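A, B, C, D, E, F, G and H are the chain letters, set down in written order, and residue numbers restart from 1 in every chain.
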Amino acid sequence: MCLFEANTTLVMAGDSVTDAGRARPVAENRKEDLGKGYPALVDALLSACRPDLQMRIINAGVSGNTSSHLLERWDEDVLSFHPDYVSCMIGINDIWRQFDNPHLYHRHVDFNTFLKNYEKLISCTVPKVKAMLVISCCYMEPNRDEPFRAMVDQYNAGAQKLCDKYGAIYVDAMAAFDKGMEFYHPCFYTWDHVHPQLGGHMVIAKSFLKTAGISLDN
Amino acid sequence: MCLFEANTTLVMAGDSVTDAGRARPVAENRKEDLGKGYPALVDALLSACRPDLQMRIINAGVSGNTSSHLLERWDEDVLSFHPDYVSCMIGINDIWRQFDNPHLYHRHVDFNTFLKNYEKLISCTVPKVKAMLVISCCYMEPNRDEPFRAMVDQYNAGAQKLCDKYGAIYVDAMAAFDKGMEFYHPCFYTWDHVHPQLGGHMVIAKSFLKTAGISLDN
Amino acid sequence: MCLFEANTTLVMAGDSVTDAGRARPVAENRKEDLGKGYPALVDALLSACRPDLQMRIINAGVSGNTSSHLLERWDEDVLSFHPDYVSCMIGINDIWRQFDNPHLYHRHVDFNTFLKNYEKLISCTVPKVKAMLVISCCYMEPNRDEPFRAMVDQYNAGAQKLCDKYGAIYVDAMAAFDKGMEFYHPCFYTWDHVHPQLGGHMVIAKSFLKTAGISLDN
Amino acid sequence: MCLFEANTTLVMAGDSVTDAGRARPVAENRKEDLGKGYPALVDALLSACRPDLQMRIINAGVSGNTSSHLLERWDEDVLSFHPDYVSCMIGINDIWRQFDNPHLYHRHVDFNTFLKNYEKLISCTVPKVKAMLVISCCYMEPNRDEPFRAMVDQYNAGAQKLCDKYGAIYVDAMAAFDKGMEFYHPCFYTWDHVHPQLGGHMVIAKSFLKTAGISLDN
Amino acid sequence: MCLFEANTTLVMAGDSVTDAGRARPVAENRKEDLGKGYPALVDALLSACRPDLQMRIINAGVSGNTSSHLLERWDEDVLSFHPDYVSCMIGINDIWRQFDNPHLYHRHVDFNTFLKNYEKLISCTVPKVKAMLVISCCYMEPNRDEPFRAMVDQYNAGAQKLCDKYGAIYVDAMAAFDKGMEFYHPCFYTWDHVHPQLGGHMVIAKSFLKTAGISLDN
Amino acid sequence: MCLFEANTTLVMAGDSVTDAGRARPVAENRKEDLGKGYPALVDALLSACRPDLQMRIINAGVSGNTSSHLLERWDEDVLSFHPDYVSCMIGINDIWRQFDNPHLYHRHVDFNTFLKNYEKLISCTVPKVKAMLVISCCYMEPNRDEPFRAMVDQYNAGAQKLCDKYGAIYVDAMAAFDKGMEFYHPCFYTWDHVHPQLGGHMVIAKSFLKTAGISLDN
Amino acid sequence: MCLFEANTTLVMAGDSVTDAGRARPVAENRKEDLGKGYPALVDALLSACRPDLQMRIINAGVSGNTSSHLLERWDEDVLSFHPDYVSCMIGINDIWRQFDNPHLYHRHVDFNTFLKNYEKLISCTVPKVKAMLVISCCYMEPNRDEPFRAMVDQYNAGAQKLCDKYGAIYVDAMAAFDKGMEFYHPCFYTWDHVHPQLGGHMVIAKSFLKTAGISLDN
Amino acid sequence: MCLFEANTTLVMAGDSVTDAGRARPVAENRKEDLGKGYPALVDALLSACRPDLQMRIINAGVSGNTSSHLLERWDEDVLSFHPDYVSCMIGINDIWRQFDNPHLYHRHVDFNTFLKNYEKLISCTVPKVKAMLVISCCYMEPNRDEPFRAMVDQYNAGAQKLCDKYGAIYVDAMAAFDKGMEFYHPCFYTWDHVHPQLGGHMVIAKSFLKTAGISLDN
């Protein structure tokens, strides 16, 4: 079942994984504007596999964003476009700063704050759109006991519960990577566990479209 | 039926549509080396949908190449890698110079020369590889009477016959664009009828993988 | 009959075809300031063929402009110079966005809005100048049934009627290209049907000066 | 009477005035390759006014060349293209170095050497082409007693006699500038008396085409 | 008799000849800040020949300035430094625009306006400084009947009269160039009659210091 | 008594102090080619004060050169120009490396090697020119007991003896700086004791011309 | 005895020696932000030798600062971070301008003003932090009679007295350099006596940590 | 016991961790030439803590090198300097390509080849130097079961055995990082497990000098 109706608008929000070099101030559907990440691939796959949908994609990622940053700019950067669909992939920077800059407390976003932020984002958005899709954070490390990965799993589980509570759709991109990491070492997909090369972005795009019920074999 | 076996090498040869900013001198499978065109997308789709295949992709496109140029460098740039599979997308520049520089005769490659060139490429390659895939030239113009498009159709038909004669596989990317152009004007996919934006490269990549029997819904 | 009197000022307004890399903020008659398009060629032809006219040319083109954008800046960028003559070449972006970004409705300017915009421009300008010249939009495609070209013809016809109504002079540059396209494919003049190379800008400049009664064989 | 036949090649040789930023190594008829000088304007005017001629223009100017430099590279850079027509505008650097670097004797080319050089160029070329056109050097200074201008007049007169002797066609661009300088000070056309702005290049292009019998009012 | 006392400040105002690439916003006596023109040479000659004077030089030239522009910024850019000495070399742009852009009337400064401007500059400055030095405009053209040179002579004569009237010191740099042009053609000193190469700046610097009574043979 | 005759050539050889950003491969008398150091100032002072001499100056400095490097390229870079006069300022790098890289023995040139090198340069040059001028190394440090300065004094004294022996002219630029350093701290003239700012280059140029008997008060 | 407690913040203020290319606006503990000077080395040595301390370092140096500049921005750039420890290395520019620009009086900071400035900095900071460390200015010149060095010694002695008066800790980096200069000439450590190369910055970092009681042999 | 004697030369060979942006072709002891990695820090620490040693350091790292590459250039890049001491840190790229490009077999160096390569390097070098130091590869991952880390441990153990066999000195930098990773997550030291930030390079430098018996508390 295809989630998307024709002639609709999808805003994809997030951090540097979403941003991926997009144009400023607004990255509308001119392909070169969408950056080099999964939003550009989602757009390209849609126009190749489902040209009938004629969807408009807007990339609203901003590098370095935590869930706190995203909350602040949500109205202006996401809702002001009156989107039909919204996706959101946030949280990796909430966690990352706790590991690479352990003493910069003001740049950490702990689990509870993350949950509060995300709850606000989801609860205010779901009523205004046809569907909201929450993409899991992805940390390319197959060992679930590794501390960074463990915290990512914790945050993702929290986000998934909020989806259930408010009727958002959870896209488990992390699970898609786990499957890929049965065949490849993490450094095949990323150099720093976080920023994917094109093949990694394709994993996210494919996971997103599959969850949305889009067949790529059309 | 999937054409590709695991742990094999695919060399993708062509002109600027294939090149698409690839690394020099050799563009091996480090994703950032493969450029921004359909070879990078084929690689990304394979690693996302079929990580088990673990294929190595080499981009051997060179901007500005006609079939005459490609013939000269075929041994060094393609066969020297002992590829298991070879793809080739060539001919648009053979035609283009006849229209945009009608009086530079020495840069034109007429239909007969194109056929001779391609016959040499195919006949010498097919015996050395598991499979050779010939991708049609693509000129994004739905009107088949338009003179440039008409000549592209003529050249493609000639290439397809050579495939039948020598047992190469013909990838009809032009047909995939024709389907897309039922929904979109050519300027959605390209600014000059020839060089696709990412969505257009995805059309080629998808057409290529479909012909090779790879399901993207895996 | 030469339209222009000596020691007068001509402001040439438009979009990227007019802009062509002109200087900012004001592109006055220092030749290097006028950009690489038809306004620079008009200036060069005038100083070569009619040095006695000693005309001052101002390039007021802005890349990306639709007729709606131009209307907003008309007072400041055109009328504030108290020109003796004004030329205007606008509308191609009104149309283009409908084809290359079909779902970005807010960047489309439909036929009726285009007519309203142009009527305001012409009606407010004609009374203030010795002559206003309206240059047709140019889409280098000889097939009048092609959808983009068909819409260009529609918009041009609308502009021409407004000229008749208000006493502006219509410069049919599109017709000049149609004549050239009897000999050359569109890709000889442009790479994207819209932005001419120098030879295409010369077609516009020559068409403009001919309509203005300037002989280049002086 | 039009000098040029259809489907022919014209090579335009010279120094920096001809070069004007042309592409390397060969500046063929792709418009962007021809530089920003009179050869690009000749090409643009021909394709706008006489598209039926379908001429191929090659810019063979090299900045800094004296007649001695040009003689050395004539075979490779001019005759090797088997042109139908050749134009040549050379000599200003022969003279200039005598004024701005009066003690660098090895970079001066005196009148007799200039004549010998030009005689070789003309006498070896005329028999091989349909027509050879010799464009006068241009020094934008109306005062014929000024020492630099006086020497330019001397060199031009020498070149013109050689044209008469060997049947080449003399293009008196200097005379065209003299006419323009009745209306404009030299600094309107050039900043250094030698390198024209676009308006000055148009004076040369127009003078060249007029001598060749091309009407621009077509 | 040396005009300058030790431990004093000299502000040198003017247009691009004075500016010569100076630092912004204030070009004080750090040698690299003073640009590549005569102010830097005056500073260098003073520190080499008269290190005992320990003078502070400020370059207050601004490229493109006419006497009208200079008058507007005189208080802020010159007097606000409470200089002991002020030099001023202005007027060439007042004249130049009349020749290279004859129809841009609003950028011309005619003789009377020039005189009024200069009278204000001199009359308000002389009472506040130990000495004001007015440097003649320089147009490197030995023929005094040439129209541009003739106008330069007219403006300089007007400036010299104002010096006599108000007790400013006139530095006749034009006369120094006239002497040099007995040996060299103008294009030895400048490429455009106005902007000197280093040798030309040295002529101005030497003329300035000689008038100020500084011996360079110290 | 002026050392230089009219219409002669002077080659100025040395290290980075002489080089000062000169053009490559040959820095002839076009002013912009001579760099930003004392050779350009010597040229500028000569053309301003003695235009009658019409001298040609060639800058043959190469950054980083020791006397050993200079000896190797002397024939090609200096004598091959058949100069009438040669100047040479070398040795500071022979010394500098001993202090800033004390353990890179292969880049040190000790006193005896320096003397042998210089003796070869002087003895082979003096017979071939009207005059050879040896400019002292300059290390801007007034304290003669400072180890670097002490070694500079030793090397200079050795060079001066060689001048006496072979009839070369010694230019004591170091002494000129010593006089200036009575008024200024070394960091006024240089930031590293070696590379002068413009004022320091003027000290060298003035010292050179004074020794050559050129009056700057002409 | 180690001065620093774990999980604390150290702000290091100063001029260009401290700045050393740090990030703007705030240079926190991401290593690449701290510049190339001693603050980055202090951070690196701490994380290598005492990872248990987990200290946060902020570089608050600004190139060109005198003690007067630093006083103005102290509250915003230093105290606003609520640091546990503050270091300050200032004064070299107070002195330098007196030697390299002796007549720019308004950019000099004399000894009394320096003392007043520093007294304000120290007296207002000591009560708010666990410890304040005052690093001596460093001028790499072993001769204490040299005028610049003598003035540096004077300023340092003044700063040291203020430390005694207010309970700040004096870090005698100058003494560490004096020891090094028994083995190396100043130009080994710096090219201008002031800005150290990496080896010189290590001298400061080591001196700082030694004074703070950190053993590097851990 | 200090391993190093005074006035000796140490060549540090390796891959990108050693290279770290060093100068080409030879990176001698001018501090700016040594790059931004541990060789520059070793040099800086030595000149700060043991200036009496006056050691010359040469950085011979080349980015991307495997042990096979290093073997090829060992004679020219290392032994040709006749070093007293040699360090070598190699192998990480031998392993890395097996994980991030698993199908580029020709770029993998397996364990046996690595051992053979390293045995040749060590056995030919030890007899020619006072001491050879073999630095362990470092992969910043504390989990020894992680596949990449496990392979690093295997390679390092092999290298250590070769040290024992031939009398080279093993520097266990990996162990130093393991200690640091008790306090910090790997992403504190590196973004990709391999290339350290400055703090990580300091860990290597400190480990190296400690093994060599240099006290940093001097």
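The definition used in the following text is that a residue touches a chain if its C-beta (ideal position, glycine included) is under 8 Å from a C-beta of that chain, and two chains touch if they have at least 3 such contacts.
If you're wondering where the values come from, they're calculated on a predicted model, not measured in any experiment.
Engineer: Of the pairs D-F, A-H or G-H, which has an interface that repeats that of A-G (more than half of the contact pairs shared)?
Structural biologist: D-F
Engineer: If more than half of the interface residue numbers appear on both sides, call it same; otherwise different. Which is it for chain B and chain H?
Structural biologist: different
Engineer: For chain B versus chain C, what separation do you get between their C-alpha means, in angstrom?
Structural biologist: 40
Engineer: Mind checking the centre-to-centre distance between chain C and chain H? Centres are C-alpha means, answer in whole Å.
Structural biologist: Going by mean C-alpha positions, chain C sits 66 Å from chain H.
Engineer: If you average the CA atoms of chain E and of chain F, how far apart do the two points sit, in angstrom?
Structural biologist: 33
Engineer: Taking each chain's centre as the mean position of its Cα atoms, how many Å separate chain A from chain E?
Structural biologist: Chain A and chain E have C-alpha centres separated by 64 Å.
Engineer: Of all the residues in chain F, which ones touch at least 2 other chains?
Structural biologist: Residues 54, 100-102, 184, 188.
Engineer: Please give all chain pairs that are in touch with each other.
Structural biologist: All chain pairs meeting the touch criterion are A-B, A-C, A-G, A-H, B-C, B-D, B-H, C-D, C-E, D-E, D-F, E-F, E-G, F-G, F-H, G-H.
Engineer: Residues of chain A touching chain B in their complex?
Structural biologist: Of all residues in chain A, those touching chain B are 31-32, 34, 40-41, 43-45, 47-49, 51-52, 54, 176, 179-180, 182-184, 188-189, 197-199, 201-203, 205-206, 210, 215-217.
Engineer: Mind pulling up the chain C residues that touch chain E in the complex?
Structural biologist: Listed in rising order, the residues are 7, 9, 28-30, 54-56.
Engineer: Would you pull the chain A residues touching chain G in the complex into a rising list?
Structural biologist: Per the stated touch rule, the residues are 100-104.
Engineer: In the complex of these two chains, what residues of chain H are touching chain A?
Structural biologist: 96, 99-102, 143, 146-148, 184-185, 187-188, 191-193
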